[in-house]
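What follows are several structures.
Both complexes shown next keep chain A, but they swap its partner, so chain B is in the first and chain C is in the second.
So, the complex of A and B:
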């Protein structure tokens, strides 16, 4: 090897290492640190010196009924709300795409909820569904129905959480599906119209399959985002009544910042991460098979 | 009664009128080509016929039935688009059979017609491929197949060959023409390419700014253009136009005198100002020839013949001459003019004299 090649050899380290170190520092280090913490007992209050305990944190998590309860709660909220978001969002996008009168106004108003911070949305919802002063209960009372304990009855509280998620995040689906619809070639639909294909068959056989790859991506984004739900639940129900609306992230928060059990929280987070990765992989594999059938 | 009739059809987008009242009658089995420069309203006219645009006023009849307000699907037309407009997620077979499937046609009938169309269009090896795995020409064949299996009243073609390369375009235009003749289905074909129009049409409709400038068979259009616009649009290279006067049985261009055939001279008489039109390919020897001198600026050999581009009295002029015709750019040259092929237009109205 000659001298020029040598110097080139050395200079590449100058380019590679800074990037590698930055990635290590800001992305991998916290993960590795958290992983190591998950194998220790570590308490902030009262401060106790960390002690290596192997996988016992994980064992504790996996046998905890509260953990499985939170998984179940999260799954219900996420799957129910994303399904509704997709159906309603797609329907609204179709309506906007076909230029209903006043589409421009709708386009803006439909997007507004997405711009609000989830905490604000939760605070608004808490007032709206308030058992005594909330307008929803006012309406029910006015109609002669009994006062409904929206936030204190487990099933109703879950339903309210799903409703809020749908209200806030349907606009996201509308926005993306509308962009997708507007990107479809107009001539294909004109061809179908000339061929006398009825509107709903055009949707089922042309629009839907052509937007399937986008749908897969939109649903995936919403599912992953949905799994992380914490702020809405924290403000609205605090996980209650009891732990009936406690999501996984809220459970982790309670363990870490109410009980200051950092080791346990880290283990919990990793279990959650693994579950999400597994779920994501399975989902994408299934989605790919589905889209390949059409693409 | 004609098979397709447009009566006093107009189209405006807001305050802008793109089609002033337009009348057009198309006979059964006729291959009609709408041709004109961009924005002349040919595509809009076709889309109004298809029902993809609504006519602002007037009426449209297909096969004796008033379809002015009918939805596109109720008009029994089949359309082939410039960008093919195939269903990208369906195979060739599904693309061709889709409309029949939706309309509940018997499966055996669908299979039979798809087979027939694919044999006719040479699509047999590709039936199970998706459009993205086909070439442009194959895609356009699929689009044509999709149109013809429906046995429609009218075929509508919207610049179907514009996205294909030159060689394929020549092949496809013959194929489409033969196919249409074999099926005997009325066809309306839009193009901006005058060669396509001339080679395919039974009748060509030349349009400008929403108006029909001339509707005639290709040869009439070439030999007797109704006005200067048509004369300029049809033929390649385009006709030369020179300001001239007619006196004593001869055309005078500047100080050059070109004598006319006696019957032409008698018909035209003496005129103070005319536009003298002569096609580059008619600059040749004939029974009644004259000579025209000009200064060539460029010479373009094409093989079978050579184009000489120059100027005469400040106007551009193109002559088509034999490959061995002696000419050097810059040195004045004289070409023969076949005066039996001369055209004359009124300078004001631009109509044929």
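So, the complex of A and C:
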């Protein structure tokens, strides 16, 4: 190897290291600090000197009814909305793939919701579901139904949150499933058409199994992203009424910035992290079995 | 026959969804032009028929009488453009390195780094009572060279390759952001105490958002670089042109559509981001989403004013979606799902 080639080999570090250092500095190092904080009592207001308390923060989190309530709320919102996103998104992708009239128009419009700030979407939803001035209740009144207090009843507020999530994130499923559909080999479908296999069975026996790996990935991304939900809830209900729509991230925020209980928030976020990792591992293992069975 | 009924169903469903997508946007658009009475007296739908449109809400917003609008908009613009530019630039360099060069990292040297970093950090802060930011700098300066040297040694254990490095970057996005956002908040407030102002500051916010955008940028740009033919680069290498020049003058221009698409996606994420901004800013550098989140409590039912603020946040993203939608039609994004 000559000298020039050798130096060129070294230059790869100049390409990779800036990005590596920034991510290391910003995501890994704070984590180490937060981990050490999670074993201490630490309060900002009133400022108390940190004291090592072992796992007592973790114990507090695990016995807290409010924590498990927030886990339950998050799970309901995420699983309900991702299921709906997947079904609706796949159906829309199929329609677009088969070139329904005006497909070019739908494409940009269908993408739009996922580029809006969740905060904006929640504000718009507040307007639309407003008990007095909102169009949804206007429609209900027109149909002769009573006005419905969407945002002040726990179950309805949850339903509105699921609706918002579906509205905003179905486009993501459409985008990826459409790309997947376009990547399928056309010959298989030609053959199926020649053999006169009905459309429903073509979908069940060819399209769906072939797109199963992609579906697994899309649902996984949406679930992981969904668990992070805070902004929509923050604006729409603030976690209320009571704490009935409080998600895990919002609970952690409230604990840290309303009660200034730093140690507890750190412990809480690590418990959440462990739950996510466990869930992800189980999901991926189950998904692998499922795809193998179909393949 | 059967096919036609499916098509009709598909069309009906698409039209229905189109309506659902557009109605809320129409609603916020017309509400911004409504006079107060047209909002508070129940739902009104069509301008000129249901109500007389007015620009009053826009004038109020920009006159600055009703709270500061302009400052959050400007800080959102500065922060998101700077952080997007940085993460796309650094991200494409890293992605290029991951596509064209071979990296070998021993798992054991990573473990050594972790032990030196965590152990050293706890030792310095708890036993010697050192301030957190200083302790971090010291463990970083000591830990990294130790890990790099360890990587040279023929240590046992698995060796990680480019795939694993990429996965490490992307996996940063799988963590619930409250974990890192809260941790960054703690770190920044410590560094504020020793005089390095990161909390509620431009550098602090840009740094956090660059780290936030980098995993996306690396993941997307890696796919784009994989489609750039290597022959051109090899020809340039034969002519003894340096790697840096090859990258900036040949590879980057060829990957321009990919750069634009990646920048749009990263920009959208940063422009809309809420949690980091909520934790890391307090007054001076508040971004648009934080301003919006406060609207409802500070303005109550003044929906015309809230709609104006919402529109300001939405309009740039409509442009972004339109650009990406055009790119999607040309099949550009279909490569990045693999």
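The rule is short, and it goes like this: the second predicted complex is superposed on the first by the 267 of 295 C-alpha atoms of A that agree within 3 Å, B and C clash if a C-alpha of one lies under 4 Å from a C-alpha of the other, contacts with A are read in each partner's own complex, and residues count from 1 in each chain.
FYI, a contact is a pair of C-beta atoms (placed from the backbone, for glycine too) under 8 Å apart; a residue touches a chain by one contact, two chains touch by 3 or more.
Note that this is a predicted model, so its numbers are computed, not measured.
Three-chain overlay on chain A, with chain B and chain C fitting side by side and no clash.
Residue contacts after overlaying the shared chain place A:286 against neither chain B nor chain C. In the superposition on chain A, A:194 makes contact with chain B only, not with chain C. Touch criterion met: A:118 reaches chain C, while chain B stays clear of it. After overlaying the two complexes on the shared chain, residue contacts for A:134 are found with chain C alone; chain B is out of touch. The wider contact with chain A, measured as residues touched, comes from C rather than the other of chain B and chain C. When the two complexes are overlaid on their common chain A, residue A:37 makes contact with chain C while staying clear of chain B. Of the two partner chains placed around the shared chain by superposition, chain B is the only one that A:294 touches, whereas chain C remains out of contact. Once the two complexes are laid over each other on the shared chain, residue contacts for A:209 go to chain B alone; chain C is not touched. Fitting both structures onto chain A leaves chain B and chain C with a minimum C-alpha separation of 10 Å. Touched by chain B in one complex and by chain C in the other are residues 198 of chain A.
Those residues of chain C whose C-beta lies close enough to touch chain A in the complex are 2-3, 6-7, 10-11, 13-14, 17-18, 20-25, 27-28, 31, 39-43, 45, 90-91, 93-94, 96-98, 100-101, 103, 117-118, 121-122, 125-126, 132, 136, 140, 165, 169, 172, 174-180, 182-184, 186-187, 190, 207-208, 210-212, 214-215, 218, 237, 240, 242-244, 247, 268, 271-272, 274-275, 278-279, 288-289, 292-293, 295-296, 301, 303, 306-307, 310, 313-314, 317-318, 320-322, 324-326, 328-329, 331, 333-334, 337.
The residues of chain B lying in touch with chain A in their complex are 50-52, 71-75, 77-79, 81-89, 98-99, 102-103, 130, 143, 146, 150, 156. Chain A makes touch with chain C in their complex at residues 4, 8-9, 11-12, 14-16, 18-20, 22-23, 25-27, 29-37, 52, 88, 91-92, 94-96, 98, 100-113, 115-121, 123-128, 130, 132-135, 137-138, 167, 170, 175-176, 179-180, 182-183, 198-199, 214, 224, 227-228, 230-231, 234-235, 248-249, 252-253, 256-257, 262, 265-266, 269-270, 272-273, 276, 280. Those residues of chain A that touch chain B in the complex are listed here as 185, 187-188, 190-198, 201, 205-206, 209-210, 294-295.
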